[in-house]
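Each of the two complexes below includes chain A, the first together with chain B, the second together with chain C.
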Partner chain A sequence: MSTRLAYFPGCSQHGTGREFDESIRAIAGRLDLQLDEIPEWACCGATPAHAIDPAADRALGRWNLGQAAKCGDVPVMTGCASCFARLRSARAHAGSDQRILHIAQVLGEPAMRERLKAAVVRPLTGVKVACYYGCLLTRPAGPDAIDDAENPRLLEDLAGLLGATAIDFPLRLDCCGASLALARPDIVHRRSGRLLAMAQARGAQALVVACPLCHSNLDFQQVAAMQAVGAQGEIPVLYLTQLVGLALGLEARQLGLQRHFVDVPALVGA
Partner chain B sequence: MSHTPPAGATAASPLHERIAAASGENPARCYQCGRCSAGCPVADEGDCQPHQVLRLVQLDDEAALHALQPWLCVSCNTCATRCPQQVDLSAIMDALRVEAIERGTAPAAAREVVAFNQVFVERVAARGRLNEGELGAHFNLRVHAPFKNLTALPGMLVRGKMRPPGGSIAGAVEAMRTRKEPQQP
Partner chain C sequence: MARIGVFICHCGENIARTVDCSSLAKAVLGIPGVRFAVDYKYTCSDPGQQMILAAIREQRLDGIVVAACSPSMHEATFRKAAMIAGLNPYLCEVANIREHCSWVHDDKPAATAKSLDLIRIMVEKVKRNQELKPIKVPITRRALVVGGGISGIQSALDLANAGIPVALVEREPSIGGHMAQLSETFPTLDCSQCIMTPRMVEVAQHPLITLHTYSEIEKVDGYIGNFTVTVRKKARSVDLKKCTGCGTCMQKCPQKKLPSSFDAGLGQRTAIYVPFPQAVPNKPVIDRANCTRFTTGRCGVCQKVCGPGAIDFEQQDELVEEKVGAVVLATGFQLYGIGEQSEKMLKGYPEYGHGHIKDVIDGMQFERLASASGPTAGEIRRPSDGTVPKTVVFLQCVGSRDPAKGISYCSKICCMYTAKHTILYKHKVHDGKAVVFYMDIRAAGKGYDEFTRRAIEDDGALYLRGRVSRLYQDGGQVVVSGVDTLSGRNVELRADLVVLATAVRPQPDARTTAQLFSVGYDASGFLNEAHPKLRPVETAAAGVFLAGACQAPKDIPESVAQASAAASKVQILFSKSELEREPTVARVHRAAPPLYSICQGCFACAGACPYQAIEHEELKDRRGQVIKTVARVNPGLCQGCGTCVATCRNKAVDLDGYTDDQVFAEIAALGAN
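Let's turn to the complex of A and B:
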């Protein structure tokens, strides 16, 4: 039976994170997920709204929850970690019982794990990945976060389900520099460079992320980030949904892999 | 940590009361263990450590409103997750930024971060959604650096990651226009 979700793409998914949206839609087709895009969704306000203008944060949150309700009594699902955090906050402020889910949680639900396992046609056997959570997937802590705030396993479990091996990655919960990308790229490069260099040094063939801002800081900014920490080489950065898509036998173009700045080699079976 | 903020903090109230009222947090709970700073990804990038910002608030030292550190805070929430006293320092950082803007005390070193935040909110208020290209262009104009980050543009265009803004979301623009401005402390 198909699972219906009210889909909140978020602004990045129309721009720099376009392939996240593409890969979410592509795997949804294979996993019998019906995505109803929320009509006239607005920007979640991201970090800047709550940072300097709480009224803007609240206004956008109320608007988005109202629009989501138009999809009926189904959970809201988003791929963006920041949208996820803002929607959770809006729900808490509204005292609403609307379920807000991140795509990783949807994939991690017991029934979906079974569906996923059954749909794998190209297991990623032998592929070593570093799973990166960053800040807002597991924080703020709470039963509605995707997993435990300090010791999450969800991304590693999902990678394992696809046949891949998740390496130990102590920086997996450390922020990439997030929204400082435009104003203080130097800080973002130092933060992201450290992550990339560690993943690489520990033998990961790819970094797996579930946030468009993480992806931009780690993929688009990778050359500068590596330079900032004196590291060399490159490491591809995949969205969780692209990793899933590869295991499901989808083609690189269907998953938007050609949009990356760091090439994704065929090592992951594409 | 939910608690009842001191009711009726005014512009003349001591700093800790104003921040408590705006953030819903109680700065007095902090016993300066430094756990927040230990996990903070930007603790070593600014002019003081996050727990020191909180100490300034406890001391009613208005220097907290002039500090760079709150502007480097990326709201990653690590501090709040780990605080043994359940103080949400990220919410206190929000309150400090809001008041620093209201009082015009944000330091010169934070100019670009302030501009980014303001331009972001303005763009969302204008369209209801954010177009990253527009954000970049307006940010550059605001900080008088028209060519900043411009070398990134061709790569973005080739990959289809930079597209012209679509229309506006009228309802969201209206919701933003009629939003209640943050209450003056």
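Let's turn to the complex of A and C:
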């Protein structure tokens, strides 16, 4: 039976993070997830709205929850860590009991894990990945968070389901520099560089992320980031859904892998 | 017609500021039954009491109400005055017009009117008061001390030295507790074992102390002055009478690699073992869960090599009954287990990798590293590779003061022992660097602040105010990533060893202990004292006292002081030949035949009673035939809480001094106005 979700793509999935949206839709087809895009969704407000104009933040939140309700009594799902945080906040302010889920949570639900395991046609055996949550995905802590704020296991578990090996990656909850990419790129380069260098030094073949802003900082800015910490070489950065897609036998173009700045080599034989 | 006197106290200004006491005294005279009313500045003072005495005699009063502070403050004072005047003390009541009125209101006319109501209520009660006589209970002059750490040892020795026989029960194979594990003690740096072990030996040699080690409390019956406690002496598999403590069995035991809990898991022991060289009794015990003989049926080497034939694989647990008049609970604490947590409310610190990263240890493990009797003979060597760490980072408040992790209280001892650790470390590793992450330095105590200053100023410990978010292994070192909130900067350090000052928690079975002895406990599981200020060693269960860290986190001097206090409380109790108890206890209805009692014997009260005070009584006719079995309240056990009264469907049980009749009259008095 197909699982219906009210899908909130968020601005970046229609822009710099298009391949996240493409890969979400691609794997949804394989996993029997029916995504109903929320009609006339608005920007979640991201970082600026709640920092500068709380009233605007609340208004955006109310609008989006209201629109989501038009999809019926189904959970709202998003792929972006920031949209996820803002929608949770909007739900709390509205006192609503709307379920807000991140795509990683959807994939991590017991029934979905079974479905996922069954759908793997190209197990990622022997592929070493560094699972990177970033600072926002597990926070704020609470019963509606995706996992434990300080010691999450969700991404590692999912990578394991696909046959990949998650390396011990202590910086997985550190900030990549986030929206300072515009104001203080030097900070972003330093922070992201550390992450990339550690993942590389610990033998990861790819970083796995679940946030479009992290992806932008780690992929688009990778050359500068590596330089900032004096590291060499490059390491591909994949969205969780792209990693899933590869294991499900989807093609690189279906998953938007060609859009990355750092080339994604064939991790597994096609 | 009642002749009741009312005495209204100004309490200096405490009451008079918001209650018009003189007009109140006039108004009170209008209450039916009140013959006399007067207001006075300090009723509790000697002239005030003399005034009460005189009025009782001159006015021939048959009941008095003192409108003053809380009865928990001065009820005893006024009842004593009444008694001197020849009035039964239980005919004196206190109307609380201070805490319940003047302190919480500021509108004078309203507060005065409320005071009048409070007095009216008490007058109606006093009219229905009965003369009560204190209950006399015989006393068994023998004490039980539960727990053989420093607190239990101190209590047991104080009592025994006062001539009181003591049974000391310790769960572990040896007494000594945590203090025996420590290296040095703050703030004087004297050697813990040097001051501890002579006391342990004193316990063992004292003719008045019966020591039950490797034993637990199975069952508690009875009441203050007359407890019967069943002690389970766990099978030691070694006959203590035959064993000479030569140690050959331990040398020959093939099972040598079990983690030593005395060394906090850093050292190893055999399956037949003495926990530490100075143990009392210094005789081994077989750890049956890990002994090859018990797990596979083979082996038995210890039995073969034992000259006196002391090894007894067939030994069974033994139940011993101890009859005692008082109990001191000194069951101690344990450290917050930061790895796997058994309790759901405690989230642990997986981000610190304890139990996972070898060079992340807890405070007790550091004590063992610093101890001359420890696994490294007192050299600071890290567990992973045995090298001497050159940078040691100490994290305070791991677990404590963090409601998100399940504990909101301060563990009190960690600031001091961490300062001690940095000093001990510097004394042993001169070129080493000690770094401490702290929230606040809490060093209140004699010589305590000086001690932390010494750690910082003389021994060069670097104190950083802030928390650590994560520890991770990188190469041979542990990366410490945290924040220094004073400079506002993130800090990243590479440490050779990290020591976590984990929170002090109650024993995991503290709640079970509390329930066995009918003692209260708080949300964390620490045992509750009867009053946080004025009765800090008593408990809600009469005759049961508290000592040491089972009540709250405490350091050694505090534990010892409380242990001595508990011992002297027991001595005060034992100084009388008979015990007098408050007669405000429950009573089950009795009547002449053919009614006998309106109690139907459903014993709903027995289930409701928190103190196991309900007994069964067979009512017999004059031929000795049992008519019915009904409830009876044991006045020695009853604490007068009244739960049984509320539970009884037949209204067959009532509380002396607080009868339903009295309580309804009080309510009616309020309603009538």
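Going forward, the second predicted complex is superposed on the first by the 267 of 270 C-alpha atoms of A that agree within 3 Å, B and C clash if a C-alpha of one lies under 4 Å from a C-alpha of the other, contacts with A are read in each partner's own complex, and residues count from 1 in each chain.
By definition in this document, a residue touches a chain if its C-beta (ideal position, glycine included) is under 8 Å from a C-beta of that chain, and two chains touch if they have at least 3 such contacts.
The structure displayed is predicted, hence computed values, not measured ones.
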Which superposed partner A:223 touches (first chain B, second chain C, both, neither): neither
Partner chain(s) touched by A:121 [first = chain B, second = chain C, both, neither]: neither
First (chain B), second (chain C), both or neither touched by A:63: first
Which superposed partner A:141 touches (first chain B, second chain C, both, neither): both
Which of chain B and chain C A:150 touches, first, second, both or neither: both
Chain A residues touched - chain C or chain B, whichever exceeds: B
Chain B versus chain C as contact partner of A:170, first or second or both or neither: second
Residues of chain A that lie at the interface with chain B and also at the interface with chain C: 141, 150, 173
Of all residues in chain A, those that touch chain B in their complex: 11-12, 14-16, 18, 40-43, 45-56, 58-60, 62-63, 67, 134-136, 139-141, 149-150, 173-175, 177-180, 182-185, 187, 190-191, 220, 258-261
Residue ranges of chain B touching chain A (in the complex, touch as defined): 41-42, 45, 72, 74-78, 80-82, 88, 93-94, 97-98, 101, 112-118, 120-121, 124-125, 128-133, 135-136, 139, 149, 152, 155-156, 159-163, 166, 169, 171-172, 175-176, 178-182
Sites on chain C touched by chain A in the complex: 347, 349-351, 404, 469-470, 472-474, 479
Of chain A, residues touching chain C in the complex: 141, 148, 150-151, 168, 170, 173
